[in-house]
Each structure stands twice: as C-alpha cells, then as structure tokens.
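The chains carry the letters A, B, C and D, assigned in the order they are written, with residues numbered from 1 in each.
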Amino acid sequence: MIIMKTDATKEQVEHVVKEIRSFGLRADVSKGAYKTVIGLIGDERKIPFDHFAVLPGVKEAMRVEIPYKLISREYSKFFEGVSEGVVIQVGNIRIGGDEPVFIAGPCAVESKEQLFKIAEGAKKAGAHILRGGIFKPRSSVHSFQGLGGKSLEEAEEALTWLYEAGQKFGLPVITEVRGESQVDLVAKYVDIIQIGARNMYDQDLLTRVSNKGKPVLFKRHFGAGIEEFLSFAEYIAAEGNKNIILCERGIIPIGKGKSYTRYTLDLGAVPAIQKETYLPIMVDPSHGTGRRDLIFNMSCAAIAAGASGLMLETHYDPAEALVDGPQTITPDELKDVIDTCQKIYQLTMSRRNAS
Amino acid sequence: MIIMKTDATKEQVEHVVKEIRSFGLRADVSKGAYKTVIGLIGDERKIPFDHFAVLPGVKEAMRVEIPYKLISREYSKFFEGVSEGVVIQVGNIRIGGDEPVFIAGPCAVESKEQLFKIAEGAKKAGAHILRGGIFKPRSSVHSFQGLGGKSLEEAEEALTWLYEAGQKFGLPVITEVRGESQVDLVAKYVDIIQIGARNMYDQDLLTRVSNKGKPVLFKRHFGAGIEEFLSFAEYIAAEGNKNIILCERGIIPIGKGKSYTRYTLDLGAVPAIQKETYLPIMVDPSHGTGRRDLIFNMSCAAIAAGASGLMLETHYDPAEALVDGPQTITPDELKDVIDTCQKIYQLTMSRRNAS
Amino acid sequence: MIIMKTDATKEQVEHVVKEIRSFGLRADVSKGAYKTVIGLIGDERKIPFDHFAVLPGVKEAMRVEIPYKLISREYSKFFEGVSEGVVIQVGNIRIGGDEPVFIAGPCAVESKEQLFKIAEGAKKAGAHILRGGIFKPRSSVHSFQGLGGKSLEEAEEALTWLYEAGQKFGLPVITEVRGESQVDLVAKYVDIIQIGARNMYDQDLLTRVSNKGKPVLFKRHFGAGIEEFLSFAEYIAAEGNKNIILCERGIIPIGKGKSYTRYTLDLGAVPAIQKETYLPIMVDPSHGTGRRDLIFNMSCAAIAAGASGLMLETHYDPAEALVDGPQTITPDELKDVIDTCQKIYQLTMSRRNAS
Amino acid sequence: MIIMKTDATKEQVEHVVKEIRSFGLRADVSKGAYKTVIGLIGDERKIPFDHFAVLPGVKEAMRVEIPYKLISREYSKFFEGVSEGVVIQVGNIRIGGDEPVFIAGPCAVESKEQLFKIAEGAKKAGAHILRGGIFKPRSSVHSFQGLGGKSLEEAEEALTWLYEAGQKFGLPVITEVRGESQVDLVAKYVDIIQIGARNMYDQDLLTRVSNKGKPVLFKRHFGAGIEEFLSFAEYIAAEGNKNIILCERGIIPIGKGKSYTRYTLDLGAVPAIQKETYLPIMVDPSHGTGRRDLIFNMSCAAIAAGASGLMLETHYDPAEALVDGPQTITPDELKDVIDTCQKIYQLTMSRRNAS
C-alpha cells in the first residue's frame, strides 16, 4: 500500500502507478478528500517498498499481507469516514446505514402476474428491494432451471418484467447471474447484480460482473471459510468496483443424522467479518434455514448479530412456488419480520458496522 | 407409548408397567392431573401394541419411533400444560419462563478470593446463576486442569467456595462434572450439574448424573448433529430426570483457512430444537465465539433466535484468567449484554418455547 | 427411461423423442447393438409413462428418480457390456481398463522449457497423459494466476507449447478451463478438458464444455457430497457427452487445530461412486494431501481403493515451482509411485469398476 | 525435555525429577540402553530450563511445545531404535512390525456359542486378535446396549467367554470400556483395552485405563482433528503407559445430500500421524464405511496408506447380527481381505512406520 502526501500532484500519483505496473502488478487508486491511497494488486513480494517510499509525493509505502487487503479495515483506516464501514446507496436505499434493508420477492420468477402480485405484497410489507430469480442454479439438471434456463430471449422477457415491477412499485431490483454469458444482459435491467453461493469461486464471472460498475451482492459459498469468502470478494474489488454487499446464507451442516436445517446459518461470521472489512453484510435466512417456520427467529437473530439487512424469499402462496416453497414466507409474515427486526436494529445500533 | 384412561387405577398402571418389563423394556410413567402416560424405554419393535391396547385401563397404545421420544413434543402433547415447553425451576429462578436467565462466573475457579469477587460483580450486573469450573476438560494434559485436577480433596475445597459464594450472593450455583468418580461429590454442593460438550457421548456419566435428581445443564458436542444431541439427552430422561436444560455452545468450524471464531455457533439449532422438544435451551456465546469482542452481538443473536438464557464466562480481569481469558467479559460488559438481551427477549416473546 | 424393442424402427424412436419434447423435456438416445434406450432430461413427474408404454416400438417405460440417472448403473444395465463400467479412450490410453493411468505434469505451465523438461521426465517415469495448468484458479487475486491470467493471447501461446510437448513425447494432453470464455480456445489444443473443483457447480461452464465433445475430467468440489458431485456430472451427460472421467481430490478437513493435510482425501468415495455410476474415477493425491512426503502412501491407497488412475503434480525441482511446490514430486518419485501402483492395481483387479 | 548424560547416575536422575516436581509438574522418565530422557508433564512455561541445564548429570534441557510431546518423534529421536516407530507386543503378536495385524470378531457379543463360532472362523481366516463388544456405546438408549448394558454381573459372564475363546483359539482378546466403573473388571479379562471413538475426550477414563498397564487401542473421535487425537493419546502416555495403538475409524461426512458411507475414512491421517508419532496406527474399515460391500477396497487402501493393521467386524451371518450387521463381513470375506492386504503390506514396506 502506498499512501501519498496530502499535496501530492496528479503526476506524482501517475508516476507511482506506472512504477507499480513496471513490476507486473496493477494499482487500485482511492482518492479521498485529503489524501490518495494506492493499493497494489498482485504479488507484493516482488516489490521494493524502500524504493517506493522515496518517490516524489509518497508519504508511506508498506506491505499488506492479507489476501483481502483492498476491502480490509487495515486499508480503509487511511480514508476519512470509511473506517467505520461504508454505506452502499442503491436509489434511495442505504445499505449499512441507520435502518435495516429488506430484499424480498420470489425465489424464481414464474410469470409476470406472479411477480407483480408478490412485488405488491412485498412493498406493502415494507420491503426495500425486489428480488426474482431468472437464471436458477439447481442441483439437478432435471429440475426447473428458471425462465432463463431455456434461452436468453425468454430470460430477457422475464428481466423486463422485473424492471417494470421495480418501476411500478418503486423498488430497486436484483437478480442472480450464473455464467459469464449472462452478465451483459442482466446488467441492462437490474440495480444490483447478485452472485450466488455456488458461483463464489468463479473468478472470471466475478471479474466480468465487477466491470459493469453496478453494486454486487456477493454470497458466501456453503463450503467456504471467511478468509476464502473475503479473498474472492477481493476479485471484485480488484477491478475497481467496491460497491460490494456481502451475504451470509448458511454453510454445510455437520454432524450425523437427519439435518434439521437446510444449511447452518453462521451468524458468528457477521460480526467477525465486520471486524475485517468495511463492507456491509446481509443475511439470507431463507436458504440458511430452509424452513418457513424458523424464518422469524433467524431473521431477528441475524439482525441482532449485526447484519445490515435480510434477503427473504416471499410468495403469496408458498405451497404453489415452483422452487423453494418450504422456505418461503408470505407478505404478512414478511411484515412481522420487518417490524420486529427494525426494533432490534435500533436496540443494537451501537454495535453495528457503520457506527 | 401407552396412554391410560382418565379413570385408570393405580393397579392398572402397575399392571401395564409389569407387562412392559416382561418384554425386557423399562417404563417411564408420567402422571398428569387428568391422565397418565407411560413411555417405553428400549426397543419397541418387540412390543405387541395390539395386546397392550386392550389391557384394562388403557386408552391408546402406539409406537413412537424417534430416538428422543421421552423429551419430544410428540410425547408431551398428551400432557396438559407441557406442550408449550416446560419451565425448569432452580430456587427462585425459572428457566424457560418469561424472563431470560443469565449464568455467569469464571471459566475456572482459581481461588476463593477470585471467585467471590467475580460472583459479586456478576450479581450486580444482573446475573441469576453462578458458574465456576473445578474439573476442567482440557485439550492438553500439559495445561492447567482446574483445582479439581490434582485431588478430590482440593476439588472439595473449591466446591465449598462455590457453595458459599452462592449463599452469600443469593445465586444458585453450577459446575461441570467430567467423570463418573466426581458425580457424588459435585452433587453435594451445586444446584445444577453441568455435563460439558466433550462428555456429551458419555452415557455412563449421563446415567449417573441423572440419578442424582438435580437439574442438569447438558451441552451439545461440537461434532454432534441435533438428532444425536437429543438422543443423548434421552439417556438422562430415561432415568426419570427430565429437569434437563439443553445448551448450544458451537460446532466445529468448516472451510479452509484461518478460523475467525473458535467454534460456529449454530443458532438455527435453537428454534429447530424447540420444535422437537419441550425442554428449554440456552446458549454459551463464550465458547461459541472464543472472542470477547463478539460476545455482545452473539448474545443478542442467541436471545433473538429463541434461547431461554445465556452462559457467559466473566472475570474482573480477563487478561489474568488462567483459562479462556480471550473469550471472557467483565461484569460491566455483562451488564450491557443483560440489559439489551432482556429487551430483545420481550420483543420476540411470542415465538418462544413456552408461549 | 424408455426401452425400445429390439426391432424398433428409426421412425418409432423419433416418434418417442418427439413425444418427450412435447412435454417440455429433452431426450438422451443411447443406441446399443441390440436395443435403444431413451433417457429423459427434465422433470419426469410431468410424464405419463402409461401413455409411453403403449407407443409403437416401446418395450418398457419407467420412471427413474435419481438426479444422476444418465450416468447411473441403473441406466447402464440396459446396455450390453456397459454395466461393468466404461473404458474411456484417449489416443491409445484406456482409462478404466486393465492398467492404471497416470496423468503428470506441472501445476502451472511457466515456460516452454520448463514444460518440455517436465514432460520428458514424466514420460520416462511412465506417465500416460501430460497435464499443465494455464488458467489457474487461485484463492487470492494477488497470487500468480497462470500464464492465461493476463490475456487470451498469452494463454494461446502456452496452449501451443502444451500441444507440442504432447506431440513430441507421445502424450495426450489435458488442461483446466475456468470460465465460459476460455472453452473454445482450450478445446482447440487439448485431448481432455479439465473442470476443476472450484468450478464443479458452474452449470453453464459444464454445458459449454460438454458440447465440445471431448473427454472431460471432472473434479469434485471440496465441499460437495457424492450426490451433488454426480448430479453435476449429469449436466455434462445431459448434453450427450458421456466421456466423463470423475476425479476425487479431497474435501475440507474438519476438526479443531492444525490441519496436517491440505484436504481430506475421501477414498471411501471411490468404491462408493463405482457402485453408483459406470464412469471411471481417478484420484489427485497432490491436492488431496498438499504434502510431497505423503504422496507415495496416498497414491498406493487410492489405487487400492479402486481408482482407475492418478493425477500427480510433477516438477524437476519442486522447490522452484511457482504454484503448489510443497505438494509436487520429482520424476524419480513419480516412477516409484507408478511402479508400486501398477502392482497394487493388478492385486486388486477383481474389485475394479470394469471387471 | 531433559536429556541426561550417558554416565548420569541414578541419584542425578532422581534429583532432576525432584526439581521438576518442585515446580508443580510431573516427570516421565525413559531409560534407554545408553541414556535417559526425562519428559515434563504440565505447563513448561513455568520451568527455568537454564537452571536445569547446569544440574549434575544433565546434558541438555529444552522446551518442547507440542501438546503431544511424550508420544512425538521429536521426543523419540533421542532414544536408540525407537525413532523409526515402536512395535507393540501382545503375546506373540507384533503390532507395527513386519506383518500386518488383523483384529476380527463380532461387533457385540450375543452368546457364548455365537462368540466361539465367530472366533473359530476368524482364526481360520488368519486373524490375530479377537474382538467382541460387551459394553456397547449406542446413539439411542432405546437400542440394544450390549450384554454389559444391564449389569456388571452379566458383563463379567460375557468377559469370561471372551477370555475362554481367546484361550481356545490362541488369540489375544480385546474389548471396549465405556466408563470408569468398568475398567477394573475389563482389565482382568482382556489383553488389550479399547477406548472407543465416543470416549476419546474422556480424560478421566483415559487416565484410569492407562494405569492398568495393559496395551490400549485408542480410537479417534469422528469430530476430532489429528492434533486433538494425539493430544488425548498424550493423557494415556502421561501416566507412563506408552503401549498405545492408535486407530482411525472415520470422521463425520460433510457435503449435502445422502451419505454414501457411514463415516469418511481419513486415510491421509495414517501417514500424517506416522510423521508425528512413533506409535503404530490401525484402521477400522467397518465403521469407516458402514458398508460390507466397500470393506475389501477400503481395507486394501488402509494398508496401502501405511496402517499397521485392521479391525474388522466379522460374523458368520451378518444379517443376523444384533448390531452393525450392514458393515460386517463373513470369515470367508475376511480371508480374502487378509490375503490381499498381506501382499500390499509387503509391497509398501519401505514406507511404513517401523522401517
């Protein structure tokens, strides 16, 4: 990491960047109100920091070893205002701010009518962002693959519904992208691009999504440790896009016998991650439990643990949903969750990321 | 399970019990205000339920397959008042009632002075029960094994301190028992006997502790699934003692790389277990996180998830503690936790076990 | 699954396929010497099997529920000769036949000279197939990403080296593809396309690779159960390409404390998988142990467990390798492994897949 | 660790031991042909090694930090002949020597006749040691608990059968002890005392068993890492009994979906453990797979990985066994396993513990 002097010139910054490139690395330039900090992307072991420390305009040059340095508190503490956590703005919605944020909608978009009916219910219940799956990652090729499963044309039609529902109900929209070939299309229609748990390790996808410049909701793989999760978020940050919303959605259950929850929601990861990074983190209790009857409790627990918001699968008739019905709640249940969670958010405000 | 008629006589109940024994099983007789229910302990596949169904005084005879039937909701629904969860009473303290319960104290008792000073702080902070480890399960034979590690005489001296501290500050006391040979001694001095995570599978210990008739705090092993946890709690219930307080304290973290929490607190297990059993469940965020700086958040999360209370390692000077200092909080921090948790408990009251 | 009569005509088969499509599913047509079997791709719950059973030319129509039916023994038992396991032929090399197959080469191709020198050593040691990583999946964006990490042009140059080394030493070649955008390029140069553990869930990549028609080496993700692994292999098979070589390379270690192996090689999965599918399975002890000093033992164990071959990272100077040096062996060590493994393969021949 | 000079006197050794005790630690004195090595049991951080280095007769005094130092190669390398691994002698049987050792017999002793019939079959098949479970650790209190489950009297009768069967067929015998109260009884009748996986953490049991002075077969818990496993074996060694046979029997499977093996046999642990300790390690493929049809393959794999022998559940009619039938093999199958494993043992001799 190279910290420039307060009065460093644009030319001095450019010179440092050029020098970094000459060693085969890339540079991440963050300009604050008072100073500029340059992060190095690549293997720092090749870099002579003594040499950089005496370049014109440089105040300090130091090695940072952690694999997620660009999104780390270590890095952000040299910025003003960021060290306490960033707020990611999507339309009027502030993720990581003084109110919890709720993303709701169907697991899979099934029809325009279904989507609009759910969007209306979600809006009334107090949700802030509308979700709807179009490219569905499925464990079996023999299961319904989402409306995006057959052709990009059908996917585009569903994406326009999502866009229109967002417009009609005043909700920013989010959907998941599953492969590189879908990125351009999805980016045209949504406010936030989601990278699902199964794609967490897919570094080429991460790079391509990051370059679209839109906020990214990035889910932890169910087999990934925290260090891995943050190290792959770094792939997004390394392209210059730091509008990253992390999301915990449960890890593989261990232990013999019947599994009582679909995954094990690792809520301890929420405050642990907040000690490491300035990015906000949300929780998905739908996948994290797989059980509608546990959603209320685990939503409250997630907010109490420090989450900036929740993603909740919602449907007016869960039993009818083509995908994930058993973990889907109704708009009425959503309203209960939101009401109680808002109170818990305020009660635990002093221990949140951005405070 | 045999459900007796409302007007079944004592002789009819005894006759059924005798019949059960003739098939090599044991009987668990639960008498309610209106009816008596008899649970079968052993392999029910040998039992001719048709035969039992027509015995005098029998209303219904049915097979129950789950391995934790005596503590199951399936079983309790035939009792009046129990189906919503039992309250376990220890002195004036009600675990599973309309207030959360906090157990606090040092990981290991080190001296009489240390224990009394911590007990005083815990009491002032609002704790309800005093803990103090005397027989310490340790991963290394080369580590401090607790004051009970050298001889039963030294253990007994430490137990009297615990007893006296409880008396002085008006706090029921609890300590852990680690082997069969310690049970008689420990039972003389404490109000609740704790069986630690590492001993969860130790069925001979469970049996012996149960027979003391005192309430048992039973911790889940860090490698155990929920079904195993409840199946071993059944060993305690099978001896006739159903004053069992379950306790989630974290499972083995999975995922590559550095572990950011000592264990993974499985808070989803809290409401999941409450759907299965009428017993109350507490959470231990000290072991569950291993990090003092995460205790506040995870305490709030545990209560929000539905826990009936918390067990928290407390010390006036955590850095000085011989065992588990990094996960120990001060009495002042404890007070903060208790105050916020009490508010969250009320907010989420409608989704608790006993309501 | 639809089994056609021995004398079913081409028209009758086509009619059945057309009917299947009319229900929104796809058809997998396998023609044997005596009969044709048609697998259904998609949700069979919508299919009226009674209707299909009486179509002209149909002998039997039945529902198969397992999510990996196209690669299952259940499916293959209707073919002649396949039920004992298929042999996948690559040039003169037979994977799953009466000799074990060894894939060797550097973790990452670093230069033409390095690759040729290793290829020569591997050939002399008795290896059958040459590997060399060009697109490297890495846990950190700050680590060396392989020669394919910078541009497709540099990647193509490295691919030509791999092709030429294969030609020169008479070894079929294999490399890993990491994203959809690399598939066309890679397919031009290699004999087998590898899909790495981190991409196991990447169904769009699987589909695209399958369509190239070349044999695919498909690695199990370190967080995936066997059912998931086979269900994703089914995505490859569903495109009509059944030249799939499965590969076990280790799962996430569990348990507290230091990890003595990089991953936990799940050798029990080898015979367990062979009971489920007719596809051959190989093992990668390099990633599975992460330790050069354990490779010999675990190579022998893998073959004894029933593996059809091994993939081994090899370098003339492991300490110099840019990636994975600690788990890399020399050509001399490779020779030792191959010699002993061949003997063990023969000793345990009667319990292998294809026998 | 204190290494005495070759000519150190008995008095000098005693003086060092006395000094160690004055610091609150215990001493483990190992006398070799040429020199004596003294291990310290307890927290070495309190010890002034400089002071010990200049005591009369002391050659070297050094801190050893690993939690399993008494059983470590680090410790053993100061002994002659031990550094390559010890051989544990039971009657004429040598565990860790130049032949693999096979322990066979029923999961649970059911009757004298059953035991004798199985013992005869095991002997004919080539087994070396007879096993038979009397105190059965079971996941459910409602399952058959072994003949020791009802009373110590019935247990003693079954123990005499085991003793007599061993005498009749010339096989040393082993059984499992589950609680402290069973140790004295079991030690009277068997040649090796087994501590099962579920009791691995039960340090009071370990201590009591060790003090009987008989060889101990010590199984790894299914949730334990290697470091924990060895650290608990150290509890046995700390009592002065180093006749410890380690045993890998499978860890908890991870991954979603159906479990194809009962546990995940961690064969990589076998050579990894042999790099850490001089003790021999065996493998139990019966529990490790839970499947009779995988036993042959995984037995061969275990021996190839470096195991000194196997423990195999055997019954003349597996379908009839009261416990663990699905993972039990017949004497004929046992013979096949033994014959092939002996050949693999010889083939891989150069990489074994004791060579």
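In the analysis below, contacts are C-beta pairs under 8 Å (C-beta built on N, C-alpha and C of every residue); 3 or more make two chains touch, one makes a residue touch a chain.
No experiment lies behind these values; they were computed from the predicted model shown.
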By label order, what chains touch subunit B and subunit C together? A, D
Have a look at B-D versus A-B and report the one with more C-beta pairs in contact. A-B
Of all the other chains, whose mean CA position lies farthest from subunit D? A
Distance from the CA centroid of subunit B to that of subunit D, rounded to the nearest Å? 33
Once you find the CA centre of subunit A and the CA centre of subunit B, what distance in Å lies between them? 38
Among all residues of subunit C, those touching at least two other chains are 139, 222-224, 228, 252, 254-257
Per the touch rule above, subunit C residues touching subunit D in the complex are 223-228, 250-261, 264-273, 275-276, 288-289, 291, 293-294, 296-298, 300-306, 340, 343-344, 347-348, 351
Could you pull out which subunit C residues touch subunit B in their complex? 139, 222-223, 252, 254-257
Spell out the residues on subunit B that touch subunit D in their complex, using ranges where they run on. 40-44, 67, 69, 137-144, 178-182, 198-199, 201-205, 221-224, 228, 231-232, 234-235, 238, 252, 254
